[in-house]
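Below are two complexes that have chain A in common, paired first with chain B and then with chain C.
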Partner chain A sequence: MRIFHYEVFMQKRVSTITGLKAIRVRIFALFCGLTVIGIFFGFLGIDPIALYVDIFWVNILLFPNTLGRFITLLLISIGLAIPFKARIDNIGAEGQYVIGTLAAFGTSLYFSFLDPVLLIPLMFINGFIIGAIWALPVVFFRAKGGFQGADVVASFLMVFPAVFLMEYLVSGPWRDRETGFAYSSLIPEINRIPVLGDLKIYIPLLDFHLDFSSISFPMVNIKELFEGLSLGTIQINIDTIRWDFSPVHITIFLAIFLTLIAYYFIFRYVNGIPKTKIGYEINVIGKNPLAGRTAGMSFFKVILFCMIISGGLAGLAGVGEIAGNQFRLGTTSPGYGFTAIAVTYLGGLNPIGILVSALFFSVLSVGGNAIKLTKGLPGTALDVFSGVILFFVLLAEFFFRYTIKWRRV
Partner chain B sequence: MAEIINPVLGQSIVAAATFFLIPTLGEIYTERSGILNLGIEGMIIASAAGSYAITFLTQNLWVGIIFGIFLGGILATIHAVITITFNRNQIVSGIGLTIFGTGLSGFLGRDVIGKAVNGLDKIELPILYDLPVIGPIFFNHTILVYLSYILVPVLWFILYKTRVGILIRTVGENPSAAFNQGVNVRLIRYLCTIFGGMCAGLGGAYLSLSWLNFWSEGMTNGKGWIVIALVVVSLWNPLGALFGSYLFGSFDVLQFSFQQIGIDTSILKMMPYLSTMTFLALWAIILSQQKVKSIVGAPTALATPFED
Partner chain C sequence: MDIVLEMQGVCKTFYGDGVIVKANDQVNFNLKKGEIHALLGENGAGKSTLVGTLFRKPDSGIIRLNGKEVELNDPITALNYGLGIARQDLTKSLIERHTIAENILSISKGFFLSLTEIENEIIKVLNMYDLGELDPKVRIWKLSGGEKQRVEILKALISDPDILILDEPTSMLTPTEIDNLFKLLNKLKARGKSIILISHHLEEAVNYSDRITILRQGKVVDTIDTHKAKENWKSEEEGIRAIANLMVGRESLYDLYREPLKPVNVAIEIKGINAKNEMGDEVVRGVGLKLMDNQIVGLAGISGNGQAELVEAMLNLRKADSGEVWIRGMNITNKSIRAIKNLGVAYVPEVRRKALILDLSVRENLLLNSYQYSPTPMIENDNNALITEELIDRFNIKTPSPLVPVRTLSGGNRQKVVVAREFSVIPPDGAGLILIVENPTFGLDVGTTQFVREELLKMRAAGAAILLVSSDLTEILTLSDVISVMYKGRIMGTVDSEDATRENIGLLMGGVELEEVFS
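On to the complex of A and B.
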């Protein structure tokens, strides 16, 4: 391609870049994405730098809420990374998540005679099973579908029956008669997942009580500092920040544990080759299906495995959110399943990367929600972030293999 | 059966089917050239919001509709740059486009939620309207519906009977053979993708300005994905698209007839999605036979990047 007196062309790299360098390219792409979104907001008359500072400051104030969101996004994204690696494009995590919330609520309703010690694990088991069942059509379409993209369409179409089933249950059988709105009743307090806020840890050596219901520390008010800087003054106010960890339910330990398990059993590489058999098969089916077929791998089994884990984890996320954070069902779905797609790709389909990118998107999500009203952002603002970042992450992958060179003609 | 002949119901089926038909025709061209654009949903919803907002601002319907087409084309260009110039995964890029378009629609439409705009007027076609039964059903619509009647045979003719059509199909069938014959594969794919985006944009404008005449967040309810299923059901053929769209359009409308029996509306709303799934499953089984695929002429190089 010629631009003025220069010829611009793409050149293949000698070797694909990996490891730290790849992370650097990804982070650079992320910054490019955020810049483009900033320009976009600038056109709408919203000061992008003030917006990002706001998002950051809100998250410092509400860090426990960020962690609460993090649990949900992490569980769904880990579940997505496994099928994505095998090139099964399951974009219906939203439906599997919604059905998980239904499973949790239903369990607490119909098994209320059980002791909470049994009931809460049963919620998780039901959420996993029903989420996995909801993901099963995708297996059929990926294994037997005669055309490209069948699995994508099928997985997405399954979102809507889930949402409408929730709408039906909440406006009909499970409706809370006491409120005028279409909400279900609250999950009884005894059946809720314990939260970090209830934890009190005594550290013997220091003779110190770590109380998660109120951790407070002083910090410079960054927002005011920034506002002062833009006016040309330096304003340093020390605020006391109090964190109440009640939005953080103990599913966070399960989520991190499952992340490490997924890393160890599926994603771990030794000398550039996946260590475990299932990890190897997933990798081959994703990268070179023909080779996999020739080597006699059972596609059906691998796809089934991937989708059961994927749907199950999205279901678990639903259980955690409803029994640990929201406690009641509404009629709309929050769209975590779609944000999780961007989380997964930003994390490079790698559990450790996903840990970081899930935290990043929780920050965006909590910050975006909190300032929605003050800045006049619509409810879909987070989707713009996810979409643009997804584009830039895709472009970053191009630069793993190619470079762009130019020379004077 | 008597219900289908009922002119009011028949009319609403045609109106719903047109919404599926226009984007499907565009996506058929895109997929025939070997590019899978899963961003239909995003382009439709963004254009629906954009054209509605622009119409509200300028009070001129045609400016709004043209803006919708333009926006669809621009969004499709993003997909084209990522998948054709940079050879990236078409499926992921399409998903990104859907997410981005949904987000964009919120921004474009945030000031016009609940505000009224006079949509396109219905025109009774002079002689055809007087035909018995068919007349009131098919010939009492807005101009965009008539445009879709014309588009179907024209696009079919271009795809199967002209040189341009052969080029498009070759590029989707075997891009390297076409490349060696001196065909500019990338250019054709670009044009087809952008054409698909413009059709999706027109579909969006049709949704908010001609069919429903309002804008609300998330108003497409994922119907853009039904379009992608429709392309398969219509076997990548514009004439098939006519058949498929009217079939799916009637699923979309007939759900309301079941309300009288006493089935809950939420359950009925699932119907379009579940019937699409059923059709998709049937077609998936049929198309998994390689022979059927070659008779139908499904684009072999669909969703595979072309590197020269």
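On to the complex of A and C.
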């Protein structure tokens, strides 16, 4: 391409940018994304700086809510990172998530005779299994169908039956007769996943009880700041802020544990070699399936593994959200499965990066939701957020491999 | 004679994984009008990089065409200046999904392109230069290695360049095709064209070049006048050795010795295999073969006569329509490739794309077999790292670090990675190795070729059963105990190496029946 006297062209890098430098580039991309969104909101007559500052403080105040969202996004994203690494594009995590929520509710409904100690684990098991089953068509179409892109099509198409099934159940058999809206009944209190709000941590030696239900701390020095904020309907007790940890269910420990497991066994390199055979096979299949096949790897097995994990984790996320946070089903799908795609790429297809990016998107989402109420923005403004961010992140991916150069001609 | 191309102080450095590779270091090179100038050197010496700088300018250095300094910023500029190149790495220079004509858009003129025009032009040029048959409408992925190579040469020639650069053009061609190519080069030379020839077949340089420039580790070692040097060399053989010594910097070529062995155990036996190629043509027709421990069976034949498909069918990488494969008395027909490989089968495929993952590191590529040696789902990292270090060392793979992507290695060094990995397969509990190699010395320099052939003989002595599929007759004749010749999907005959000569094997390869050859 030629611009005035300069010729601009792209060139492949000798070695792909990785590690610290990659993180720097991603942060830069993020910054660019936020700037563009800022300009966009500027046109809508909203001061972007004030918007971001509000988002920040809303998240401080509603930190437990942020964490609650984080659990869901983290679980789905970790699941996505694995097939993405094998170059299987599972874009239908939303469907796998939704079916997970149904599994949780159904389990609570039909196995209510079980003791919660058994019932709650059973919810997770069912959520995992059904989520995984929902992901299976991808395996067959991709491995046996033999055309690339079958994964994209199959995974996406499976979103709709999941959502329709949810709509049917919620407006039909599972409908709560007491409310006028299409909601299911609430999951009975004893069958809910314990939340941090009523979890008491006992640390033996120190003989110290930590009660998450009411962590309060004085906010004397930033008192003025809060008074300057226009947080609208959100009520702030300015002298003490209480964090109510009830949106944070103990699935968070499961999510973090699974993240570490995935990192340890699949993504981690020791001496330039992945730690497990399956981790290595995912690498090889992702980069050159033909060579993998010639070496004796089973394409089918690798995809099967990836999709079971991916669908399963999305299912777990659904269970956590319904049995730990919402307690009832609605008829709309929340789109976490789609947001998670952005989360996964922003995290660089790496569990540790995903921890950070999942937190980032939770901040955006919780902040955005609160702002939505106060600034009168439409709900879809949030999609603009994640869309733009994803765009810049993918652009950064491009720059890891290529550089733009120019020279005088 | 006028100098058409002059390169002065050319430097090109690659940065990778914190390591700096000076691929070209102050190279001076010139090309006279109407000469064939051979550019020789070991794998990774910087030959491809040097000619590459004519199409994407070097980091520093001056390039003059006909005495005038030029900046060759991109391939199109170079093309307009009258440079044409047939590259070594065809995966990069030909687009597999496109047809031959679509790959040769370089000659299209004006804003609109007419494929029919290009197709006609292609046929015209093919006839004019006697490059054999090619259908311009065929997609690249359907072609054999040799055909692809001819497309690449055609692509370079079709723009009628004044300076023609051929980077290992003959590595996959048949002897006849090679003869034709050099006849053509001589004709072009007579018309005043200048040619740079990169090759590891040193006899080509000795026989056809006017001058030879030798690179070693990115620097020019010497430029010699072939005609003058020939007066001192008593034979072609001596010339080759002299050049090889210059390339490597020490005595490097000597005769191979194949000790007589008496094979007894049948390692692998195939019976009546029929198989089709991608287009659905029956290209393997009732082939039977027997391979014993302590034996090298050479499968000779002009490439594209079904050898590759036969091997794939044997390993169940391709569906066999009929036939059976037995390994050490066990029927393995339709067993998975993993199960077959676990019986101690190693395989060096002809197509490198099937053996290398270019985006993964040298180390990860080297452990494509050994990663699964541990009994648990875990990989033994330290052990495998050690194994790969040893292989890099033993096979002298030139890489700045085991962690750089294979993509950054030179053509020959990529091949070394495959060879090193497959030659080091450990068969289960003391069984002999079954090694199936297709053109194992493809793209390797003379020293390494020698080394690989020696390794093959050593493995044979240690009990391995080796199927050597090669289109290189010299290779087949020096290494094999038994030679089977394949022609149009059939085995024309199996000849003991004592009775085999270049002539009679050549006749069989051309489709003459065994009885006629030995009557």
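Methods note: the second predicted complex is superposed on the first by the 375 of 409 C-alpha atoms of A that agree within 3 Å, B and C clash if a C-alpha of one lies under 4 Å from a C-alpha of the other, contacts with A are read in each partner's own complex, and residues count from 1 in each chain.
Just so we're on the same page, a contact is a pair of C-beta atoms (placed from the backbone, for glycine too) under 8 Å apart; a residue touches a chain by one contact, two chains touch by 3 or more.
Just so it is clear, the model here is predicted, and its values are computed rather than measured.
S.K.: Contacts for A:141 in the overlay, against chain B (first) and chain C (second): which applies, first, second, both or neither?
M.R.: first
S.K.: Applying the touch criterion given at the start, work out whether A:390 contacts chain B, chain C, both or neither, answering first, second, both or neither.
M.R.: After superposing on A, A:390 lies in contact with chain B but is clear of chain C.
S.K.: Given the touch rule stated above, what does A:345 touch, chain B (first), chain C (second), both, or neither?
M.R.: first
S.K.: Touch check for A:283: first (chain B), second (chain C), both, or neither?
M.R.: second
S.K.: Check the residue A:89 against both partner chains and state whether it touches chain B (first), chain C (second), both, or neither.
M.R.: first
S.K.: Using the touch definition from the top, say if A:272 reaches chain B (first), chain C (second), both or neither.
M.R.: A:272 contacts chain C only, not chain B.
S.K.: More residues of chain A are touched by which chain, chain B or chain C?
M.R.: Of the two chains, more chain A residues are contacted by B.
S.K.: Taking the complex as given, what residues does chain A use to touch chain B?
M.R.: Contacts found on chain A: 44, 89, 91, 137, 140-141, 144-150, 152-154, 156-161, 164-165, 167-168, 171-172, 338, 341-342, 345, 376, 378-388, 390-391, 394-395, 397-398.
S.K.: Across the complex, what residues on chain B touch chain A?
M.R.: My answer: residues 36, 38, 42, 78, 82, 86-89, 91-107, 109-110, 217-218, 221-222, 225-226, 228-229, 232, 264, 266-267, 269-270, 273-274, 276-277, 280-281, 283-289, 292-293, 298, 302-303.
S.K.: Over in the complex, which chain A residues touch chain C? Could you list them?
M.R.: The touching residues are 7, 9, 14-16, 270-280, 283-284, 287-288, 290-298, 407, 409.
S.K.: Residues of chain C touching chain A in their complex?
M.R.: Contacts found on chain C: 14-17, 73-74, 317, 336-338, 340-342, 347, 349, 353-361, 363-364, 367-369, 371-372, 374, 377-379, 381-382, 384-385, 402-405, 408.
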